[in-house]
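Next up: some structures, all given as structure tokens.
After this come two complexes, each holding subunit A, first together with subunit B and then together with subunit C.
After this line comes the complex of A and B, so read on.
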């Protein structure tokens, strides 16, 4: 028996039990195996729903379970069947048929046949990732430090030496090979591949193929990377390499006995958006991560992916490509497995009956108080720290702890059971670690190398925490329940109201409330320390942590474009005392705003940010106006590169489903006609052009004639973006001023006198 | 796509469902105004159960309709019961868990979740079969009104046909014909 210490890289079902990859302290990549039977369960639906005693034609009876036992006994896979009792999260302990499968690799095929033969049974623990099962049993997780006792290549015991909640875990010294085509394959046909590893970087042409493959094979053999980090590797590069190397396969997999796993592209609907996920290529024994197919890679990078793998228990390759919702769901599954709670294959709980009165009271979202329109000085923005997850954790809100229809007689808030719920148990360490990291970030100097990793971790956690609330009400969440979702918003509204009352009791003026944030001011209060007593008071009254986001030198809350008397929630721009600009709800934040418009609006704000307070902002308006004139002149004289005018929009449906095609659909149609079809959820890039159809897809082959760009349309877009910034400084509603404002922007009419007149008019002194 | 039998509803009037019968109302685009009128009428007469399979329950509109008829709608709000389901598995579980009571029952957008193409056709067929058996159970003592919308794709049109085949009464909302368009001169 030998003892190995190192990092756990990967776990997957192999030919003989589990295959486990370990990177040892002496740099060896060891491929180990372990016997690991897995168990899933089947139950009668009638028993689970408590309907067996009612005179209902409910199906999935206990006789079905007996038939299932007989069917399973006749299968070729070695199984161990038993009658057992397990805990359903909602129904409590229930009798189940326990099916232990000796080889984890047999489970998916067996379950597919079994569920088709007995569709009326309820199944549990049937489709869980093997890494979660393994982690639940041994307490290990991807990238954990661990100590393994082996006999030959067989793992006898494995013990985790660190925790996913450590702030500074020791990461393995990985070998990374970066591969990318020499251009974006959706724009043009690549001619070569760029290799980067260690300090080496070079380009190999795709032709001759033999040389390319020989080179890559040599690198894979000699350098033996732990990870292929690619650009468009899922959607173009690896499929291309696999196609080219059919006759003489490349050792892309480190494990020669395993197959390369390919997953089809797909489109799905979530959080009100159509989302597209490209095809995937997963390797065995080494990881493949495609920067352009990894979720949020641009936000938290490899550091965030590694951290997510540690806390969710999902393999690195998987966690890089799944949504944060899948991440939080995996964490809940891990908690359930450790607590002996059954994980349903399909969630079946419908909402408990409510009367109409109760429904109207319960089915509400976050609390919003519309802002006080206009420009304000010395405004503090205070936010609850991860408000909804904190509420779930603090008030023990979980699908199984909510008592439907039972409310606190005094506050009207939903009541919960005292036993700690599954969701709060899952969230608590995550919340604590995020708060600890944020505290560290406040203390660390800017040069500290840990900052980058902490920021990535905080960002990755933020997305997990953001989605955990949505998942309570998500139809496909394993442990979701609409009542718990409603309970969270009810507590959220009450919490924000209490915070508002605390602020008003201490003499603050509340300018705006938005779900978990509050904008307040008080004469002569301008430093962060001035607001600390209020934060303490809110903490006392609500029990939830709240933080000062910052104090604005000035902030402008914007009205509706259609009616300047109507405020719009969460639409503002302002400058913190640190000089940092914050904007919400304006063109700058929209994904479909062309770079040219975005940059111009940012530059306008940069000029205004020089003002020390609200009173001095109007003095900078001539400078802003001159900037807009220059940018318009650039546009009209063709001095703006076409790529800065690209509009990016997401296709929301199949092209044939558009009744009156949007510009995005028209551009996508142009691509489809050139055999480059896009799917719903994919982004189409286009320019507005003169004549019909009014757009040109950016990715169409061939040179574009820049004279066809619809300058007037871009001018209008720029003027609208400029109006947004000028809006708070106008004394009358915007719509009455538009013609005059447009005239003022004409570069050939500009003069110093006119500019001064404009400023006077804008500031209301004309 | 449309079943070839049933009455075409050309006005916003839908008769109250008769006792112990299944009435199906098909509306393209999910127009619920006639159903809201029926819901308000039934709620004013006594207890009402609404089972929502497509997140379509028009709560505020219904309250406005009821408030327009009586001074204090609170008692009506108290005896109008609503349950929602968000997947076809939940729809079946919801129906199985609904007791057979002598009060009208309205199922809103019953097929919406069955059109989810992530659920295999075979599974959907089985679940709908179970759901329709439950609907028949509910029909044995009370009037049941089911609303449905046609599918976006023809692949699942059989679901609507299956539902309509079980109906005692079928109403289909006809959309008004498009007005003639003035051709553009330029």
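After this line comes the complex of A and C, so read on.
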């Protein structure tokens, strides 16, 4: 028996039991195996619903379970069957048929046949990722430091030496090989591949193929990387290499006995957007991560992916490619496994019946005010810290703790059971660690190397926490129930209203409320310390932590584009006392805004941010206007590089499904005869051009004639973006301001400005 | 995630649209006043949503009334201030 210490890299089902990859302290990459039978459960639906005592027809009843036992006994896989009692999250302890599968690799196939043969049974723990099962039993997780006792290559015991909640875990010294084609394969056909390992970097042509493959093979053998970090590796590079090396396979996998796993591309609809996910290529024994197919890679990078693997328990390759929703579900599954709660195969909790009045009361979202339009100075923005997760944790909101239809008679808020719920139990450490990291970030100096990783972690956690709330009400979430989702928003509204009342009681004017944030001002209040008593008061009244996001020198809430009288909840820009600019909902935040427009709008704001306070902003308007005139002139004289004018838009449907094609669809059609046509959710890049069809796809081969650019259209876009910035400063009498901007504004704007003046007069802000 | 019932903004837009025929038959000057009334109700959509009244238009009418009353109060203040100052001036 020998003892190894190192990092757990991967766990997956192998030919015999589990395959476990360990990177030991002396730098060995050890491939170990372990016997690990896995169990899933079947119950009759009648039992689960407590209907077994009624006289029901035979299907879905206990007689089905007896038939299932007989069926399972006749299967070829080695199994161990037993009657047992386990806890359903909602129904409590129930009798189940326990099916222990000796080889984890057999489970998916067996379960597929079993569930097809017995569709009326309810299944539990049937489709859980093996890494979660393993983590639940041994307390280990991907990338954890662990101590392993082995006999030969067989793992006897494994013990975690650190915790996912450590702030500064020790990371393994990984060998990382980067591979990328010399151009984006969806834009042009690559001619070569660029390899880099530490400081070594070289490019090899795709042709001749024999040389390429021989070199690649020797590189993989020599460096034996733990990870391939690729660009377009999922969607182009690895499929291409696999195709080229069919006759003479490359050692892409480090585990020669395992297969390379491939997954199809798909498009789906979530959070109001069409999302495209490319095909996937997963390796065994080493990781493959495609920067362009990893979720949020641009946001939190490898640091975030490693951190997510540690806290969710999902393998590194998986967690890099799944949505935060899958991440938080995995954490809930882990909590359930540890508490001995059954994990349903499919969600079963339907909405409880409600009458119309109850529905009208319950089916509401967060509280979103219409802000007071116009320019305001010395405004404080205060935000609740992770409001919805804090509410779930503080008020113990979980699908099983909610008592549907039971409300507090005084506040009208939903009541919950006292036992700690599954969701709050899962969230608590995550919330605490995020708060700890955020407070560390506040005191770490700018040069500290930990900053980058802390920021990535905070960002990755943010997404887990945000989706945790959404998943409470998501129809496919295993531990979801719409009533608990509604309870969170009910507490959210109550909390925000209590904060508003506290602010008004202390003499503040409330300019805006937005779900978890509040914008307030009070004459002569301008420093962060001025607002501290209010924060304390809100904490007392709500029980939830609230923080000052900052004090704006000035902030402008913008009206609707269509009607200047109508405020818009999330369209504003302002400058904090630190000089930091914050913008929401304006052109420069939009993904389809060309760089030229975005940069100009940003520069306009940078000029305005120089003013020490709101009174001095008008002095800077001539400078801003001069900038806009210069940029317009640049555009008209062809001094703007065409790549700065590229519009990026996401296709929302298949090309044939457009009835009147959008510019994006027209551009995509120009590219349609290429090898891989664009799919819904993918981005198409184009320029606005003169004549029909009015657009030119940027990725069309051949030179583009710059004289065909539709300058007038881009001028209009620029003028509109400029107008957004000028608009809040135009509420003074129209005549005095117009000459300043006369070169910029079209005549029909006058009526809009007069209207604005009238609205200001009516609302008393003039 | 999806909602079962229309949001307060959707309710508002539906109610406004249902008066399209009424609005069309008004004089142009009255149309402007009517639009103002709807715009003033729209400033209170958050409160209307929170109220969750089964008949949302009642809340919108009250919101219009509220904005009207704010104006009355402001005008009254102006007039009173004016009346107060005038004797001193004269």
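Throughout what follows, the second predicted complex is superposed on the first by the 719 of 766 C-alpha atoms of A that agree within 3 Å, B and C clash if a C-alpha of one lies under 4 Å from a C-alpha of the other, contacts with A are read in each partner's own complex, and residues count from 1 in each chain.
Note that in this section a residue touches a chain if its C-beta (ideal position, glycine included) is under 8 Å from a C-beta of that chain, and two chains touch if they have at least 3 such contacts.
Remember, predicted model here, so these are calculated numbers, not experimental data.
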| item | value |
| --- | --- |
| Fit or clash between subunit C and subunit B when superposed on subunit A | fit |
| First (subunit B), second (subunit C), both or neither touched by A:444 | neither |
| Touching partner for A:359 - first (subunit B), second (subunit C), both, neither | both |
| Superposition-derived angle with apex at the Cα centre of subunit A and sides reaching subunit B and subunit C, degrees in steps of 10 | 60 |
| Touching partner for A:367 - first (subunit B), second (subunit C), both, neither | second |
| First (subunit B), second (subunit C), both or neither touched by A:565 | second |
| Contacts of A:712 with subunit B and subunit C, given as first, second, both or neither | neither |
| Which superposed partner A:493 touches (first subunit B, second subunit C, both, neither) | second |
| First, second, both or neither for A:200, with subunit B first and subunit C second | neither |
| First, second, both or neither for A:347, with subunit B first and subunit C second | first |
| Subunit B versus subunit C as contact partner of A:188, first or second or both or neither | neither |
| Distance of closest approach, subunit C and subunit B, by C-alpha atoms in Å | 5 |
| Overlap of subunit C and subunit B interfaces on subunit A (superposed complexes) | 356-357, 359-360, 363, 475 |
| Footprint of subunit C on subunit A - complex, ascending | 271, 356-357, 359-361, 363-365, 367-370, 470, 473-475, 485, 493, 497, 513, 563, 565-567, 759, 762, 764 |
| Contacting residues of subunit B [partner subunit A, same complex] | 43, 49, 57, 59-60, 62-63, 74, 76-87, 89-94, 96-97, 118, 122-123, 126, 130, 133-134, 137, 152 |
| Residue numbers on subunit C that touch subunit A, as the complex places them | 1, 3-5, 7, 36, 39-40, 42-46, 49-50, 52-54, 67, 70-71, 74 |
| Residues of subunit A touching subunit B in the complex | 45, 49, 51, 56-59, 116, 119, 268, 346-357, 359-360, 363, 475-476, 482, 657 |
